[in-house]
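Next up, some structures in structure tokens.
Look for chain A in each of the two complexes below; its partner is chain B in the first and chain C in the second.
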Partner chain A sequence: MKTVRCSIIGFGAIGQGVAEVLLMKREYLESIGLDVRVVAVVDSKGATVNPDGVDLADCLARKREKGTVALEKLTGLEVIKSVEHELVIETTPTNIKTGGAGLQNMLAAFEMGRDVVTSNKGPLAMKYRELVETAKAAGCRFRFEATVGGSMPVINLVNEVLAGNNVRSIKGILNGTCNYILSRMIEEKASYSDILAESMELGIAETDPSYDVEGIDTACKLVILANAIFGLDATYRDVGVTGITKITPEALDMAYKNGHVIKLIGEVSRDRIHVAPRLVPINHPLAVGGTLNVASVDTELAGEITVTGKGAGSIETASAILSDLVAIYRDC
Partner chain B sequence: MRVSMDIELKDVPGQMLLALQPLSECRANLITVLHHHQKRTPRNTVPVQLVLEIRPESIEAIKAKLEENGIRVVRVGEHRFRESINVVLIGHVVHTGIQDTIDEIDKTGFAEVVDISLSMPGIDLLSSALIKIDAVGKEDMQKALNILKEVSAKKDLLMVLPIDVQA
Partner chain C sequence: MKTVRCSIIGFGAIGQGVAEVLLMKREYLESIGLDVRVVAVVDSKGATVNPDGVDLADCLARKREKGTVALEKLTGLEVIKSVEHELVIETTPTNIKTGGAGLQNMLAAFEMGRDVVTSNKGPLAMKYRELVETAKAAGCRFRFEATVGGSMPVINLVNEVLAGNNVRSIKGILNGTCNYILSRMIEEKASYSDILAESMELGIAETDPSYDVEGIDTACKLVILANAIFGLDATYRDVGVTGITKITPEALDMAYKNGHVIKLIGEVSRDRIHVAPRLVPINHPLAVGGTLNVASVDTELAGEITVTGKGAGSIETASAILSDLVAIYRDC
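Coming up: the complex of A and B.
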């Protein structure tokens, strides 16, 4: 049995999802020879640390009751630097302007020789090259499937399952909030602002929805794909971005009568990174509804491969984090 | 150039070969053949519709050779436009001069706006239009879309393109 000591830095919806999934999957992990022991859990107010392993069920209960997991006044960065462990699971809120605390956490983890698995897009969209090179120089493993498409496999699908294929392009719906809004506008023939309000009420859209509806979130995911799959050194500034705020119910209706839906489509290839609303034929593989995400990978040998799945949700995103964790430690 | 051609064959064996030989000799590329064997013309001949890809200068030669073979050529029509797409425009489509938007495409000579649906829900609300553009070929369509893109940017219109078109 190999012991993997890890920290969960960031204990919001996704961090808690990771804790739940680790509890759920303890037997499975043991069956493949892994004893995954969480030695620290950190949220914005502080940390719980136990070098022998914290009680995750306790952490989840404390978070639910008190709004924080904190028993000690320690930050994520302090935990990464002072607590011995192999893997940092970085799930702090994303910041696409500076990379935020996530960037500092990841760099510090590599500096301490720790592997990193993350769902945090901001640092990767801003400083991909620096992060990957730092990890490499330190001999650390760095995986981030959960940053693009939530549970839907894209990065590992292309780099591992489809290894050897040249990828010509990836097109898809990478933001569930926009997909929900556009799908509901067609169903209800309602205005953008009405459906946006509904989405906020249901918790599908954030209180400040601009990050989603202006296409910024999709753009960040494309940047990660451009770097991780096409080997580019792209940042958010290289993306042409148009969001969905101007889409009218009348436009959706006319398009629908003409056999099309309008979807916010992200598109990445070696020479182009682009986000814009596009007309998609109703029977096209990318015309999925609700909050679903979908990606179509155009490959040289395998042709077109399309995957679809839940792009958000704590357990779904934790599924991608778990698969990254297993991929790092299963065979080593 | 793409050309449609309606011909009539006598209802005896070997006629189709006589119809196709001249096409092959003139290096025409046969795109579709519709052989209406159940329909008869008043002359008791079988109507056949062809769509061909040919050089314009070959049309007359093909007609002459078909007629030499005893095949009646009823109609020859040019299919000028081979590309067709729909584009959605959202914004103050009408107030910024929709005629001018259409003219910018039409005056190219290689592309035309052939259909338009328009919705103006209210004075202060954004209008939406679905326009259909035909163009001679793929490159011409791309040029037409580039023009439309410039016009849309100038008029602050959101242009929604089909997914399979280079944006």
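Coming up: the complex of A and C.
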């Protein structure tokens, strides 16, 4: 049995999802020879630390009751620097202007020789090359399947399962909120603002929805794909971005009568990174509804391979983090 | 650079696709440290053998001109037993009654300590457990992504990318010929027999189409999924099978008017392996047209993950064989 000591830095929906998944999967992890022990959990108010392993059920209960997991005044950065562990699970909120605390946390983790698995897009959309090179120089593993498409596998699908197959382009729907709004506008023949209001009530759109509806979230995910799959050195600034705020029910209706839906499509290739509303034939694999995400990978040998799945959700995203954790520690 | 000596046993469409892909990917394989050298190519008339590596372009040209690659009278089994190599690429025609030559070839390969990568469903649908246990006892690697869904990744997707995620069921369209026939029957409001005739002319259906249209091919693929993913010990005889030969254009039309298509759906779970025509909502991820294959994996943590791709084609299937080859030799 190999012991993997890890920290969970950021204890919002996704960090809590990770804790729940680790509780659910203890037996499975032991069956593949891994004793995964969380030695620290950190949120914005402080940390819980126990070198022998914190009680995750306690952490979840305390977070629910008191709004914080904190038992001592320690930041993520301090935990990363002072607590002995192998893996930092970085799930702090994304910040695409500066990379935020996540960027500092990841760089510090590599400096301390710790591996990183993350769902945090900001640092990768801003400083991909620096992060990957710092990890490599330190001999650390760095995986981030959860940053793109939640539980829908894209990065590991292409880099592992489709190994050897040149990828010409990837295009898809990478934001569930936009997909929900456009799908509902067709179903209800309702305006953008009406359905946006509905989405906020349902918790599908954020109180400030601009990050989603203006295409920024999709753009960040494309940058990560551009760097991780096409080997580019792109940042958010290299993406042409148009959102969905100006789409009318009339435009959707006219498209539908001609056998098409309008979707916010992100596309990335070696030459171009681009987000914009586009017409998609109704029976095309990209024409999925609801909050689903979808990515169509155009490969040299295998043609188009399309994958569809839930792009968000705490347990779903945590499952991508689990896969990355398993991939790092299973065979070595 | 690690040298991987391999044989190609079976030089029909898929075997030739493997030769073409290995020629195309020589540089890529070298870039990941692999010198893949084909030391023997075998078809039903005989073999070409060269311990230093045969000329694959020559083999392809000879096959095209003379109908055979044979330069000497050796069977696949004799090559496997007498020529030194690490990997047997088994691409002989499938036989679901006895497992055919493929079964003997694979067992002999393991006895000789050779790894096997295959696209040949028959042996796996008949003798999965025996093959896997023989491989394991001999310390050999055994991979078969190409047996299910051609280039559409399913087995490696679930067992590697979704590691740790319990799979509750897999359902999908696993036969492109049936999908083509049903899609065309709707488009043309034409009868099963008319579209079957068209499919034969186009080479999409075989001269004897029963293996496809009666659901046997789908059933074999389900058996492989049942064994490889759910850990069962199933054979073709455990599958409930209904084909598409009795579907009428009227039934398809009525379904369509109610927002559905009829598809030949294979479904596998721990409790049930089953193939039958089923209604699928038009906007459902399983409702893909043409000759596409699709598989929807219902997972415990990530919900449904659906993958769509080309289920057949020599280069497409060879690309799945390439991925398996890379997975075996890249990191060890």
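We take it that the second predicted complex is superposed on the first by the 332 of 332 C-alpha atoms of A that agree within 3 Å, B and C clash if a C-alpha of one lies under 4 Å from a C-alpha of the other, contacts with A are read in each partner's own complex, and residues count from 1 in each chain.
Note that a contact is a pair of C-beta atoms (placed from the backbone, for glycine too) under 8 Å apart; a residue touches a chain by one contact, two chains touch by 3 or more.
Keep in mind that what you see is a predicted model, and the values were worked out from it rather than measured.
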Of the two partner chains, chain B (first) and chain C (second), which one does A:A276 touch, if any: first, second, both, or neither? first
Who does A:T248 touch here: chain B (first), chain C (second), both, or neither? first
Chain A: partner with more touched residues, chain B or chain C: C
A:G164 contacts which: chain B (first), chain C (second), both, neither? second
With the two structures laid over each other on chain A, which partner does A:V116 touch: chain B (first), chain C (second), both, or neither? neither
Is A:N258 touching anything from chain B or chain C once the two structures are fitted on A? First, second, both or neither. first
Taking the superposition as given, does A:T299 touch the first partner, chain B, the second, chain C, both, or neither? second
On chain A, what residues does chain B touch that chain C touches as well? none
Please give the residue numbers of chain C that touch chain A in the complex, ascending. 21, 24-25, 28-29, 145, 150-153, 156-157, 160-165, 282-283, 285, 287-289, 292, 299, 301-310, 313, 315-316, 318-320, 322-323, 326-327, 330-331
Would you tell me which residues of chain B are touching chain A in their complex? 86-88, 90-91, 117, 119, 121, 125-130, 158, 160-163, 167
Once bound in the complex, which stretches of chain A touch chain B? 171, 240, 242, 246-248, 250-251, 253-255, 258, 260, 262-263, 265, 267, 274, 276-281, 284, 286
